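Which chain is which? They are A, B, C, D and E, in the order written, and residues in each are numbered from 1.
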Amino acid sequence: GTSAAPASAGAEPVSVVLGWYPTAESGGFYAAEEQGLFAQQGLDVDIQPGGPQVSQTQVVASGRADFGLSDATTVANAKATGIPIVAVAALFQENPVGVMVHADSGAQDWKDLAGRTWYVQTGQLGQEWVKRSQGIDFTTAAYNGSIATFVHDDAAVQQGWPTNEAYTAQKEGVQTRFLSYASAGYNPYNDVIFTTEDFLRDNPEKVRSFLDATMRGWSAYMSDTALAEKVNATLQQENPQLDAAANWFAWDAQRQFLTAGDGATALGAMTPARWSTLVDQMTQLGALEPGLDPASLFDTSALPTVPAPTTLPPAP
Amino acid sequence: MSIAEKTPATPPAQTPATPQAAARPTVPRKAPSGRTLLSFVLPPLVVLVIAVALWQALISLFGVPKFLVPAPLDVLAEIGPAIGTLVEPTLVTMGEAYGGFLLAAVVGFAVAFVMARWNVAERGLYPYMVLLQTIPIIAVAPILVVWLGPGPTTNTVVAAMIAVFPVTANTLTGLKSTDRNLVQLFAMAGASKRYEMSVLRIPYALPYVLTGLRIAAGSSVIGAIVGEFVAGIGGGQGGLGYVITSTAQQLLMPRLFLAVIAASCVSLLLFGLVRLVEVLALRRWHESAMSSDD
Amino acid sequence: MTTAVQADLVRFAGVTKTYSNGFTALAPIDLTIGPGKVVSIVGPSGCGKTTLLRMAGGLSSPTTGELSIGSTQNSYVFQDPTLMAWRNVLANTELVSRIRKVPRAETRRRAVEALRLVGLENVQKSLPRELSGGMRMRVSLARALASEPDLMLMDEPFAALDEFTRDRMADELIRLWRERRFGVLFITHSIREAVKIAHEVVVMASGPGRIVEIVESPSPPGTDPDAARDTDALDETVKYIGARLAAA
Amino acid sequence: MSIAEKTPATPPAQTPATPQAAARPTVPRKAPSGRTLLSFVLPPLVVLVIAVALWQALISLFGVPKFLVPAPLDVLAEIGPAIGTLVEPTLVTMGEAYGGFLLAAVVGFAVAFVMARWNVAERGLYPYMVLLQTIPIIAVAPILVVWLGPGPTTNTVVAAMIAVFPVTANTLTGLKSTDRNLVQLFAMAGASKRYEMSVLRIPYALPYVLTGLRIAAGSSVIGAIVGEFVAGIGGGQGGLGYVITSTAQQLLMPRLFLAVIAASCVSLLLFGLVRLVEVLALRRWHESAMSSDD
Amino acid sequence: MTTAVQADLVRFAGVTKTYSNGFTALAPIDLTIGPGKVVSIVGPSGCGKTTLLRMAGGLSSPTTGELSIGSTQNSYVFQDPTLMAWRNVLANTELVSRIRKVPRAETRRRAVEALRLVGLENVQKSLPRELSGGMRMRVSLARALASEPDLMLMDEPFAALDEFTRDRMADELIRLWRERRFGVLFITHSIREAVKIAHEVVVMASGPGRIVEIVESPSPPGTDPDAARDTDALDETVKYIGARLAAA
């Protein structure tokens, strides 16, 4: 990719596969699109929604999309099984994922969640880490996307995002207490943008342009409520089942995770230390064979420095 | 009582001139009258009313929470606001499901033919048809997505994968149940295997085939929805699978139920078409579709 | 027309039958089968004999006219064997008795006896498909015989049999009738058989299906066994009926 | 050539004394010899070898990446390390699938009986059976989990839900195809509807029923796995659905394929059992299962 | 035994048949059907007539012995009608010609002609289930006649017909044979019919199924139409065969 000309017939096609249907979680991409940032970089970006069981790593590795969004463990897993992908940016500096319990269930701390049934996504490591690090035991059951069981069962422990599941529970009249896995020391990057090693090697400029536009899009999406309104309307259009209020809630709540830590100075930042920690933790949990080089998992060479916005206005 | 008493039978003279010479009347059977139509529409309606009443009663009695099962009235009330967002997904799923159904029908027939034609093919392939049926879509979805891209094409294929086995299994049983003497008659007359298939075995197997298609009618719809779960909606418009995931996640139960009802309608429509073909094709000659008196 | 109302097995009064495709198989039929009467039916192929027999057995309902059925226990021998392909000969023969909850031992006795009568005692364990066409028809016959009915309805039961076996079967039927005096309505294409076996012979014609004449037999089954048989009277009646059929 | 020439036929004297008096030989049919057994085992094996060879060839030729489709050798190599972790999940899934199969068989029969028995029930209920078949499991999973708790019981029910329709549809067609004359014979002899069902209609419907069960054999396994996806419990008790989801998550393709193969074996075993019943129950009288010469 | 090797339609040499349940249906059979010969088979029910006919038609293979089939175009009339339930009478009748790719118009002509012969020209559009048993059997007959074969194999084709129709059918068959001189192997339970129709009558017996004698007919179909018919010679042969059957 070379051209830096404004949007024209010569724009280079680039595609990104999202982690989920279009929501606030993917708002930055739509904001970049909305503001014409991609076009300015000479990119014609095709945003493909994900879905409950869409495997972004496979889609990207096979060339069906250029970029994908996933969590850091998935990138590590992929690398370990020989899939030549590499993380180029990490949107969620602090991992929002954790578990929630009914506020009136008497549970204050991880220890109190022992022996209960945890509704968690199969294959995720957060719960394993808690088990190990807190020395507690519990049974897990598949989380199928609906928290109805949790709403019904006062003792249940429900995996979720404070931006989504917590909101839904609240809407159903359930006051919850949220315990993030990060608070237990398990804090891999989330919503990591990755591409293939080949793509990065062959198109460093294109990656840089894409990330540049994306990060500026995110910055604007978080700080410019007028823009956010427009973007959210677009999201609503792309994802008609999206609840507007829920989406605004998520828009607001997710910003602290995007701008936490290194994100304050550079959106999407990644450090060797964090990746090393992750590899260590995964190895301890038996999810990785020892010997994976953390440095091979990510590459910040194409990541421009776009600082987080200084003010985060409230939702309109 | 003597027998002689009742002897004088209707003398031939009383009967009209012999119609034996004239061709027999054929198929002046009446179209279903209002009455019969009613007898087809009424029972499911009655069941519907009872089911809905029970549903409401259970919810009221046991206090089933709305986030688990919405009340019928809530679902009804949701129609207005939701209809706009449901039409298009329903059409998308319909397209995928019907496409998958057709694909399953064609492939299912073809495989069954091959297996009926060559015994060795049956023995060799049947286990793999079973196997195909058992493969969780999640295991093959990535492959399909890579080949066909996410979205409708892949979902159509997934629908076909799920619907194909019932067609094959039933068609095969039907083809193999064909009256042996007729088969031998065809062979003796020098019929090609193809002719035998198309003129003899397929019509003979029709009742079986149509039962397979009935099953496939439902399977293909569920297949299209499952496809959307695992293969995503791609660049296209999301179908009912998307609506279901999305509403389940947000606990929008009335809307979720509406989506499920929409899916059911999609399959009932297909099912109705299969039924129609069944009635038209079989009622004149097959027990299962004939009226009772003749 | 009939005044005696007691216990007729079947009475047709102006009964017609029009099938759902619009074809009128039977023009008005009047016919009564008194208790213990043996009535045979002859007529050209397609004249409505089976249609009539099915109505007598309650298997089909008249389109117009009145049909009263007084018999309580009917047996029906279909024109085709109509056996359960998955049950052996003995089980097929025992069927009706089993349905009627006749005690096990008695059921078995009757079935074995009936199979002996039709000459199939040695294939009790065979399945229908292992039998010849005539043998299958005989199983069907044995099933009817084993059920000890009030009224036996038989649709060309001997058509698939050789002359020798056929005569033996007819004799056995008459012998049984002498013991039990059930009513019989019997379709056959053998005029001689029709006359030999019955009290009266219903002669039918087609176009539309109707009764041409009801002829009394000169040698009804009640008479002395071998006395009145094969007489000139029989020959004459056979000839008469033959002529009647040819003319219709 | 004159006719007289060939007249002298085998004289009766040459033939042995009449065996007509003795009872006919019954069922001294031989057990499948080594040869026949081979002819049943060989074709699928050949197909297997060809399929695996093709699989390997395609991967080598087109460079299909391993993260999409593992090479056969990789899958083979995975057996050793993975077998220990696969036995228990396989047994769990087997229990759920077979339980669901039985449940589907019983309920499927029962519903078909009711529908065959009362015409009005058929008209009233059939649409809802179709509907039941179309309901995405994800929509009912929460309800099931609340009622039955997560885990095997729920998964068994899910398996049954997915497998019930093929049984019902086929059984119903079979029950309604019963030879009318036989039905009338039963009615004339005063058989109760129950007796008619059990002695006449069910045996007559068997070829249809068994085809339905063949389909259900695969459906129930996939149902159990789907149940495990949405309502299973974790860990070793999770069954193959759990293994498949977590290996898919971790992109452990060889192990994922092994789990899929294990699932296929579970359903092939069930399928084999159904086939066995089919052969035993039908080969002596039904076209579809009879050998060709008689 | 036979030395003339030219174009026999079928030749059985020491052919036996044992079914898979172990029952020996036929002891060694020797029989030859020369070209253009009409051979009828009589024998008690279950003696193996159908088994023999099926082997002659190549529908079943001998267990031991040698069977050579020289005919190329066979027609077979099964003991049951064996019609396609979903096709009307005309289509069922046209079947064989259609398979043999006879031109459309000729196919139609033959079928209509055959249906006329069996007296069913007015039910061309009916489905089999709308016909009587005898009518169905006649459709089956018409199908065979319409196919203009070298060898016509017929398994009790007239059993379901009334005497009058039956005689007419037999006459039609002979008339056709005079025109086309096909071979015929014909099972019947009517000894008179067997003798009247054929060059020779194969008399079979059971226990095990075997040929007792092959009797030449005194009135083979080649002879002058109404001359040699119904003579004493015929009666005598019928009686002789009857006695032979009774004795076996």
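Just so we're on the same page, contacts are C-beta pairs under 8 Å (C-beta built on N, C-alpha and C of every residue); 3 or more make two chains touch, one makes a residue touch a chain.
Small disclaimer: the values here were computed from a predicted structure and weren't measured.
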(request) State the pair with the higher C-beta contact count; candidates are A-B and C-D. (result) A-B
(request) Would you kindly say which chain has the C-alpha centre located farthest from the C-alpha centre of chain E? (result) A
(request) Give, as an integer number of Å, the spacing between the C-alpha centres of chain E and chain A. (result) 83
(message) Measuring centre to centre with CA averages, how many angstrom lie between chain A and chain D?
(response) 44
(request) Name the residues of chain D that each touch 2 or more other chains. (result) 20, 24, 26-27, 68, 138, 142-143, 146, 179, 229, 245, 248, 286, 294
(request) For chain C, write out the residues touching at least two other chains, lowest number first. (result) 19, 21, 23, 80, 126, 130
(message) Two or more other chains touching the same residue: where does that happen in chain A?
(response) 53, 55, 58, 62, 144-146, 148, 152
(request) Using the touch definition up top, name the residues of chain E that touch chain B in the complex. (result) 57-59, 74-76, 78, 80, 82, 84-87, 95-96, 99-100, 122-130, 147
(message) Under the definition above, what is the set of chain D residues touching chain A in their complex?
(response) 65-68, 138, 141-143, 145-146, 150-151, 228-235, 238, 242, 245-253
(message) Considering only the defined contacts, which chain B positions touch chain E in the complex?
(response) 20-24, 26, 179, 181-182, 184-186, 188-191, 195, 199-200, 203-204, 206, 284-286, 294
(request) Spell out the part of chain A that touches chain B in their complex, as residue ranges. (result) 17, 21, 46, 48-55, 58-59, 62, 64, 144-148, 151-152, 164, 168, 171-172, 239-243, 246
(message) Give the list of chain E residues in touch with chain C in this complex.
(response) 19, 21, 23, 42-46, 48-50, 79-80, 126, 130-135, 138, 155-156, 159-166, 189-191, 242, 245-246
